[in-house]
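One chain, subunit A, links the two complexes that follow: it is found with subunit B in the first and with subunit C in the second.
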Partner chain A sequence: MKLELGYIKISDIQLSNESKVENGVLYVNPEDIINLIKEDENIATVAVDVARPGESVRITPVKDVIEPRVKVEGPGSIFPGVIGKVNRVGEGRTHVLKGAAVVTTGRIVGFQEGIIDMSGEGAKYTPFSQTMNLVVTCEPVDGLRPHEHEKAIRFAGLKTAVFLGELGRNVEPDEVETFETLNVKEGIEKYPNLPRVAYVQMLQSQGLMHDTYVYGVDAKRTLSTIIMPTEVMDGAILSGNCVSSCDKNTTYHHLNNPVIADLFKAHGKTLNFAGMIITNENVYLADKERSSDWAAKLCQYLGVDGAIVSQEGFGNPDTDLIMNAKKIETVGVKTVIITDEYAGRDGKSQSLADADPLANAVVTGGNANMVIHLPKMDKVIGHINFVDTIAGGFDGSLHEDGTIEAELQIITGATNELGFNKLSAR
Partner chain B sequence: MAYNFKIMTNNELVFEKYGNEYEVDYKPGTYEELLLRVRTEVHNGAKLLTHPLSGSIKPNETPFKTVYLKKGKGPLHLDFDSVEMIENAIITAKKFKIRFPVMPDYIRADFALIDLSLMESALPAATQA
Partner chain C sequence: MGKIKVVHYVNQFFAGIGGEEKADQTPFKQDGTMPIGAQIEKAMQAINADVEIVGTVVCGDSYFNENLETAKAAVLDMIKSYEPDLFIAGPAFNAGRYGVACGTITTEVQEVLGIPVLTGMYKENPGADMYKNKVYVVPTKDSAAGARDAIKKMAPLAVKLATGAEIEASCVDNYMPNGIRKNFFETKRGSERAVEMMIKKLAGKEFVTEFPMPDFDRVDPNPAVKDMAHARVALVTSGGVVPKGNPDHIESSSASKYGEYSIAEFDDLTSETHETAHGGYDPVYCNQDSDRVLPVDVMREFEKAGRIGKLHEYFYTTTGNGTAVLNAVAFAKEFSQKLVAAGVDAVVLTST
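This part shows the complex of A and B:
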């Protein structure tokens, strides 16, 4: 299966009376976005803003971040089973508005989380301070229940990203990159001497604001399965997860999964990227046992030498992570796990809620309990009053002068467990 | 129908919605007090059916927690995996300092709703087991 990604480099976003991509600038008519989102009668008001790297802007609470993409050749369309029809994606050619992102905000629950600062101390910790962001703030109609509210905002972001992606359909990309996954037989024949490595991605799947969708299916209702890495680049996996901002995977993270990117870079040189397995993180312990059994079984069946296992979230997913590592090691496959840490403010506490001697190769995304100080920003998009009540903030964390003292976990993507961040430890 | 699980919670919303249908052991109290009550049950042989740290909301944020247990046969029939898991959960919960000594009612209600949703995501598995 072969996919070409054509990167159209976006150097700026400008609000305009016509939506188009021209000379690397994404022009957006806010009315186009507002009309599109208000097709959903659950949304009462929509505001559209632009946030650029280096500006004194704070976006909060962040619901999701999405990269605009469009399928220009091959079957299916972006976000299959959700925005596009259920049709297999991952082949042909996809255009990407590289450097641009859609950021959705909105108060779904009172303790909503996630900050993106476009400058200052906080900007160092989130990758989305480096993207040109079209920020969409939606307010629901009165009385909308949180389940429907979450869905409405999830779809508002996806629809906006698909609309913007479509503007790049007929634009010549600045750069084209090709990704190819061979079938098992071809892979072994082509690279007989390279170690075969699988990627096991764990997906958050526990309930309201803790969900992930695969081809439109709620991941908690799935068994561990095999997916093509190029399917993920076309939006086969998307985020309905808006809790624990530092270590949730936004839809942008899924589209740009760095584990996939790095395995493709090493493919054919130091290893043979043999395939990708997705597995869920359910609440029920028997589900955890079943899903990790299946992840290990699929690794064994693929006959790989090693597996990289990435986690999503905090606390009970540590148990899924350790089950996966232990069981995959037990079938004779070496593992490396990617996680983050809640090691206390001094970094001295036990980092994970679970452990096992077989999980002996760990990559960390950083300590989410680390205390940071954020300066006042000139402009806030969203709802700053919620800072006191979002993950990582604490009572009194929002000071009268507009500065914030909080734990790192307040920042969207700060300790990402796919490694889409700058923190780690050696 | 008699089920072989029980639900322990400090979330009134769970008790109100499911108290008539299932065995719901509801007692108001803190998150940590609920974990300690669960530990007592585990010490009496109960087996954990859901993870005591379910959800990505930290123990010092949400005041609510709901846990499913399989009823035990007494302290001579300990489930050691459950003992280890509840002890680790208590250690983790103690690591976080309580953030909201006074919480606005609307935020409490949201936390209760999320806990209910996490609890409901395990219900099909529990009732079919």
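This part shows the complex of A and C:
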């Protein structure tokens, strides 16, 4: 299966009276976005802002971050089974508005969270301080129940991203990159001497604000299965979660999964990227046992030599992570796991909620309990008054002068467990 | 800050007195440096010119270890006499008794004189495991042939310590991991590091895990309660159930406190009276009916039916989400005492 990604480099976003992409600038007519989102009767108000790298802007609470993409050749469309029809994606050609992102915010759903600072100390930790962000603030109608509220905001972001992606359909990309996954037999024949490596992606599926969707299916109702890495690039996996946002994968992360990218880079040189397995992180023990059994079984069936396992979240999913590592090692497949740590503000506590000697190769995205100090920002998009109660915040986190003292876990994507960042810990 | 005054500690060998046969050398001090100290001083001065090793304290390895208390006191007095800003011992390489002496005396100086200290030794030196979590220990090669490399690592850390600069992660500032996890920025992103680690692991080459698996503190369950019908049972939860409004502002993640609340008045928790403060799971169902996490209703039924003696008046609660284990241990140590003092026989501990 072969997919070309055409990158249209976006250097700025401008609000305008016409939505278009021209000379690397994404022009957006706010009315287009407002009308689109208000098709959903559950959304009462919509506001559109732009946040650029280096500006004194804070976005909070962040629901999702999404990269605009459009399918220009091949079957299916972006976000299959959700926005697009359920047809299989991952082949042909897709255009990407590289450097642009849609960020959704609005009133809280339970503990909805995440901060993106476009400058200052916080900007160092979130990758979305480096993207041109079209920020959509959505407020629900009164009385909307939490699950419907979450869905409404999730769809608002996805629809906006698809609308913007469509503007790049007929634009000539600045750069084209090709990704191809051979079938098992072809791969072995082509690279007989290279070690075969699978990628096992664990998907957050603990419930409201901790959900992931695959072709529109709630991941907690799935069995571990095989997916093509190029399907992921077309939006086959998307985020419904944002709680403890430091180590949750936004939809942007899924579309740009760095493990997939770096395995493709090594593919044909030092290893053979043999395939990708997705497995969930449900809260019930029986589900954990079943899903990790199946992840190990699929690794064994593919006959790979190694598997890179990425976690999403912490605490409860640490048990899924260790089960996966242990069981995959036990069937004779070597593992490297990617996680992050909750070692306490002083760094002295044990970092994971579970451990096993077989998990002897660990990459860490850093200690999320580390305390950081964020300066006041001139402009806040969203609602600043949730800072004390969101994960990473505590009573008194938000100071009167607009500065914030909180744990790193308050920052969207700060300790990402796909290995998206350079932050680590020792 | 004026000149940084440093005192250095070496054994009989590095003082040029002799080898094993002179290991019973009693402690003495000498102004200025011994040869290896001069190299350390020079390396520190290359980073910060205003550093001087003002004195060297010498003690034989056998004497120190066989006369621990007297040697420790004598050496400490000699160090103190120079009023140093920083104390360095060794490096001891793989000399076991020297390593233990370096660890012992640096720990003592840090505790008693309250100044920064530094030592260095080979990772398999018994002093390393004994002291690496107490003082900064720079890993060195296993013999004095590695002196140049050791000094290259020790000098910058020594200057940082002396000037009060922030000490970064162990792999950045070159000390042995000391149980304190510190964040830093790698040069490559995590996914790339994972792929590289995988290639090494598959090739059977040496790789370094970024997080060595810890030894877990496993708690054996107590023996079963024989007479439940007369037992006082308490409810404890890490599921974040709190009285509506979360009066003590228990955090949604990384709790710094626990709550103690009376349930004497309740036969049933409702959305009017209780909710969860926990940010780590879907709160909708607990907010509708907190008995789902803290089963007061069922316990009352058991109480009425005589299946338990009494439901304890207070429940203890915190948020398990992202909460440091050391915090959780501290909470439990405290409220366990209260439970014991109140004559509680058994606890139903619910998690989420």
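We take it that the second predicted complex is superposed on the first by the 421 of 426 C-alpha atoms of A that agree within 3 Å, B and C clash if a C-alpha of one lies under 4 Å from a C-alpha of the other, contacts with A are read in each partner's own complex, and residues count from 1 in each chain.
Just so we're on the same page, a residue touches a chain if its C-beta (ideal position, glycine included) is under 8 Å from a C-beta of that chain, and two chains touch if they have at least 3 such contacts.
The shown structure was predicted, so the numbers you read here are calculated from the model rather than taken from an experiment.
Under the clash rule set out above, the superposition-derived model of subunit A with subunit B and subunit C contains a clash between the two partners. Contact with both subunit B and subunit C is seen for A:V243 once the two complexes are overlaid on the shared chain.
Here subunit B and subunit C are compared by how many residues of subunit A each touches, and C touches more.
Within the superposed three-chain model, A:L208 lies in touch with subunit B and with subunit C [touch as defined at top].
Judged by the touch definition given at the top, the superposed model places A:A425 against subunit C, while subunit B stays out of reach.
Using the contact criterion defined above for the overlaid structures, shared-chain residue A:D287 touches subunit B, although it does not reach subunit C. Of the two partner chains, subunit B and subunit C are each touched by A:N316.
After overlaying the two complexes on the shared chain, residue contacts for A:I34 are found with neither subunit B nor subunit C. When the two complexes are overlaid on their common chain A, residue A:G344 makes contact with subunit B and with subunit C alike. When the two structures are aligned on the shared chain, A:K220 is found in touch with subunit B, with no touch to subunit C. By the touch criterion stated above, A:I308 is placed in contact with subunit C alone, subunit B being left untouched. Subunit A uses residues 110-111, 146-147, 206-210, 243-244, 283, 314-316, 342, 344, 349-350, 389, 391, 393-395, 409 to touch subunit B in one structure and subunit C in the other.
Those residues of subunit B that touch subunit A in the complex are listed here as 48-59, 61, 68, 85, 88-89, 91-92, 95, 97, 99-102, 104, 106-107, 109-111, 113-114, 117-122, 125-126, 129.
Residue ranges on subunit A touching subunit C, taken from their complex, read 110-111, 113, 146-147, 195, 197, 206-210, 243-244, 258-259, 261-263, 265-266, 270-271, 283, 305-306, 308, 310, 314-316, 334, 336, 338-339, 341-352, 355-357, 359-370, 388-395, 407-409, 416-426.
On the subunit C side of its complex with subunit A, the touching residues are 169-172, 177, 179-195, 197-199, 201-203, 207, 209-214, 216, 249, 251-254, 256, 279-284, 320-327, 352. The part of subunit A that touches subunit B in the complex is made up of residues 109-111, 146-147, 204, 206-210, 220, 241, 243-244, 247-248, 282-288, 313-319, 342, 344, 349-350, 353-354, 389, 391, 393-395, 409.
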